[in-house]
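There are two complexes below, and they share chain A, which is joined by chain B in the first and by chain C in the second.
After this line comes the complex of A and B, so read on.
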């Protein structure tokens, strides 16, 4: 009798174990749908880049009428930016605190995107100067016009500027 | 020399050397022999039928559909590394999850839709390298179910899931939380 009871108990345990093992799968197998949570976050981003290599501006001619050297001009560089932020601006600066010769820069805004070009900026110190204002949630581009000037009194020489463009709040 | 042994009795006498379980073993043996006599021998030896019974077994296989996704949560982020200066469109992708299915019904397909009625950004999905069935072209997710895989009838298979998230700079920043539902549907 004891043994029979023991066998019955064992059978019950096995049945429960099988039930526990297969019932969830059986129930799951009836599902015809399944879900997945996908969260997409778009962070604020600001990208700025240049198209065009290092520039060399050579002041090597004189205006006969004025008696001063003619400025050297280059407009081969293109500035590109993308920003999904609001009320941004692009500033420009040089690493030379007190340049010997005059270097000017102007954004010639002919490309796409938001933003308004500021008047020509003279890079007279190493502080940042506004180049384009009103950049907002857009991708854009513009040409950069550099003008180098030197007076006769300044003589000859060479200056190497490292120009930095920055998108900032504005 | 042939020794005729009673079906029960003599062998049961051995119970004395089997310890306390002898009596029970003896009973089991007797039942076994009894069963042999009335279960097997009649069919070969006597050829008589004293009764019969039939048992009809019906096996029913229900329509079974299994659908499982390897990852319940996917996080996509568009950051500065996903942007190129001068381009309005930014994108990122994820293909870390897979979809597994099994169905014993023919003419089935898998559709997909999102719970988000008005997403700010674009979320696309395509099935990669399905082991069975035909992957539909890339789907832009909406609340309307769109085909992800077709012709998966009576099969089990897997495929990769490639999500592509697209945002425009003009759309600004933000978060879209989708609950993506995959459904096995009749094709």
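After this line comes the complex of A and C, so read on.
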């Protein structure tokens, strides 16, 4: 029995050996490799931009009932931002320390991206005021609504504001 | 006198014929074998790919590229050899790494996204490579990221190029 088993084993070995010998060369899998190390990095990035402007707000009509000039409103400017950081905010400010006329701004958050619009901001001085909070790893946009107001007592005149938007860590 | 010369010529010719038939030869068998040659190499590592800028209002940041490295192959195996590429680990969602291998001996697959190609799912980057050598072919990497994916501290990935049949 042992001898038979040995013969069978030998036969199998011979068959395998013959099979291997007659296999065409291309039947074998060939492989060679080479490696490279790639270093990847994404820096912190905060971008802000405007579409539209410069704009002119002209207070030139009177509300007959109140006897005061009607406010001038413009909502043609669009604010765009992109940030890959967390908890960022967008602030707005004017370069005039003591404006003669009232200028208000509001982010109408109908656009895309994260962020919560603050209530309408009055630019009463040249300090930055929060406009949008909670900007988080996104690209977004919103419309900006400007409102200019004047009282009769303030008379006639003009004023130019340089409005600055800043996206910062919030 | 004339007779003596003729006899001398005849005798001389007889010796010459004998010398001509007295050659011997030796032979050798020369066995020539060309083994399978299957080689691929790269010229080093690409520069760090760092995303630094983008456009306001756009989630996709400005991609960065590197084409400073090359690869070379030599193979005498067949005419349907290919090169595949894979990473040691997939990239997180929101980050994309593509590779493009130029080729003159085969057909480049163009720009191939290998962000999720690991050892079990390597992607073909050059196919139909003919026997021969293709040296100094450009490897181009492009890395892009979404703002919504956040920042990425310096991260390394090993790219394996495999010459295979």
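Here is the rule we use: the second predicted complex is superposed on the first by the 139 of 170 C-alpha atoms of A that agree within 3 Å, B and C clash if a C-alpha of one lies under 4 Å from a C-alpha of the other, contacts with A are read in each partner's own complex, and residues count from 1 in each chain.
As a working rule, a residue touches a chain if its C-beta (ideal position, glycine included) is under 8 Å from a C-beta of that chain, and two chains touch if they have at least 3 such contacts.
Given the structure is predicted, the values throughout are model-derived calculations rather than measurements.
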{"item": "Partners on chain A (chain B, chain C) - clash or fit", "value": "clash"}
{"item": "First, second, both or neither for A:85, with chain B first and chain C second", "value": "both"}
{"item": "Which superposed partner A:133 touches (first chain B, second chain C, both, neither)", "value": "neither"}
{"item": "First, second, both or neither for A:37, with chain B first and chain C second", "value": "both"}
{"item": "Which of chain B and chain C A:102 touches, first, second, both or neither", "value": "neither"}
{"item": "Doubly contacted chain A residues - partners chain C and chain B", "value": "29-45, 47-49, 80-86, 137-141"}
{"item": "List of chain C residues in touch with chain A within their complex", "value": "36, 38-42, 44-59, 61, 69, 71, 75, 77-78, 81, 91, 95, 97, 139, 141, 143, 145-165"}
{"item": "Footprint of chain A on chain B - complex, ascending", "value": "24, 64-69, 71-80, 82-88, 90, 97, 99, 102, 114, 119-121, 123, 163, 165, 167-185"}
{"item": "Chain A residues within the chain C interface of the complex", "value": "25-26, 29-45, 47-49, 80-86, 137-141"}
{"item": "Residues of chain A that touch chain B when the two form their complex", "value": "3, 28-49, 80-86, 137-141"}
